[in-house]
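Multiple structures follow.
The same subunit A turns up in both complexes below, where it pairs with subunit B and then with subunit C.
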Partner chain A sequence: MDEYEIRELCEKFFDAYENRRVDLLDGIYSDDCVIWHNVFGRETTRDENLAALPDSYKGQRRRTYNDRTINTFHDGFVIQYSLDGVQHTGHRGSLWICIVATCRDGKITRIDEYMDSSKFAAWAGRTSGGAS
Partner chain B sequence: MRKDWQTLELCDRFFDSIEHNDYETLESCYAPEAVIWHSHDCLYQSRADNLAMLKAGMETLPKVRFKDRRIRVFEGGFVQQHTIYVTRANGFVGQMDVCFVGYVRDGMISRAYEYFDTGQIERFLG
Partner chain C sequence: MTTPDTGHRRLCHELFDAIERGDIAAVDRCYAPDMTLWFNVTGEEMTREDNLKALASGTDLHRRRTYDDRTISTFDDGFVVQYTVNVITHSGARVALSACLVAEVRDGKITKLFEYLDSGKFGSR
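Then we have the complex of A and B:
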């Protein structure tokens, strides 16, 4: 994959996530794709990730993936972005996240996700401090 | 033309200098305008403040190691994923998974972003 294909795949991935298109995400993950989360310190499989998405989307009225800064390398990309959420209460919160991903044959084969779990409560509007 | 090896060498030199308590080399890795952003406060730290913080660590921490370094070079910078192990004075070894994105100008780091989970801070601080 060249730089442009990798960049396009990255945008497609985040657009699908934003638009809750689990059907599209299914085609973006390779069959052997694994997703590692720093906050859990473990990997999940593509199927575990896809199965968890519908319930995870129920938590917010809207999520947008903004301020996307994408840089590509020979077999993948690193993206820095803000995840802006609107809760059902109307509370708005942001998380600042970095993902390093590898790609092959037009699909994502691995994702390493870095975020700060101490910001989750503020993001969800459960506290008055932290991220807003 | 991009010279990946130069960026890789800078990345290694930067993290090695912290491990080896080599402040002079560390300082030379930062461009004069360098700023460092951290995910826990989402603020840019000045070059001087960051260097002072790292120098204090060199003077007080018995050992710092960056293990499982995975480096990728992109146009204008690099991303390194690693686990930092810090041996504290009481013998506790703290650890933290970190993603460090460095933007490079003229062979120096001009801007850096560091992502980690302070929700697991007790694993790091003890």
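Then we have the complex of A and C:
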């Protein structure tokens, strides 16, 4: 994959997440794709990830993935972005996240996600401190 | 001849090796004069001088701190490194923290750093 194909795949991935298109995400993950989260310190399979998505969307009215700064390397990309959420209460919050992904044959084969769990409560509007 | 890839990789290792040794002068040599560091925990940008001061004052916080399992990927004007900080506290406890650093590089020096980690793990130190 060249740089442009990798960038396009990255944008497609985040657009699909934003639009809650689990069907599109299914086609973006390779069959053996694994997702690792620094917060949990463990890997999940693509099927576990896709199965968890509908419930994960329920908490917010809207989620957008903004300020995407993408850099590509020969077999993947790193993206730094803001996850902006609007809760059902109207509360708005942002999380700053970095993902490093590897790609092969037009699909994402691995995702490593880095974020700060101490911001989760403020993001969801459960406290007044931290990121908002 | 040094390619950007090998140059960025070497710079990344020089930075982490210097931090590991507590060699602040060597860290400074990796930084451009206008270097800034943004930290996901504070959401704020730190100047080069403030970062060097923080590193100098942090050297005695633990008995030993190593930056291991460095997975480096390079791009034209920078690199991303995924790593594990292994800390041995003064009481002998061992703590591991997974982190990620994105760096912008110009003329062989780091101009910007973005550090991402989970401060929720700090409590286990």
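By our rule, the second predicted complex is superposed on the first by the 132 of 132 C-alpha atoms of A that agree within 3 Å, B and C clash if a C-alpha of one lies under 4 Å from a C-alpha of the other, contacts with A are read in each partner's own complex, and residues count from 1 in each chain.
What we mean here is this: a residue touches a chain if its C-beta (ideal position, glycine included) is under 8 Å from a C-beta of that chain, and two chains touch if they have at least 3 such contacts.
This is a predicted model, so every value here is computed, not measured.
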Check subunit A with both subunit B and subunit C modelled on it and let me know: fit or clash.
clash
Examine A:43 and indicate which partner it touches, taking first as subunit B and second as subunit C; both and neither are also allowed.
neither
A:118 in the overlay: touching subunit B, subunit C, both, or neither? Say first, second, both or neither.
both
Look at A:80 in the shared chain and tell me whether it touches subunit B only, subunit C only, both, or neither; answer first, second, both or neither.
both
So, does A:72 touch the first partner subunit B, the second partner subunit C, both, or neither?
both
First (subunit B), second (subunit C), both or neither: which does A:96 touch?
both
Shared contact residues on subunit A - subunit B and subunit C:
38-39, 41, 71-73, 76, 78, 80, 96-98, 100, 112, 114-118, 131
Which of the residues in subunit A come into contact with subunit B in the complex?
38-39, 41, 71-73, 76, 78, 80, 96-98, 100, 112, 114-118, 120, 131
Under the stated contact criterion, what part of subunit B meets subunit A in this complex?
39-40, 42, 70, 72-77, 79, 81, 97-99, 101, 113, 115-121
Note which residues of subunit C are touching subunit A in the complex, please.
40-41, 43, 73-75, 78, 80, 82, 98-100, 102, 114, 116-121
Touch list for subunit A against partner subunit C, complex
38-39, 41, 71-73, 76, 78, 80, 96-98, 100, 112, 114-118, 131
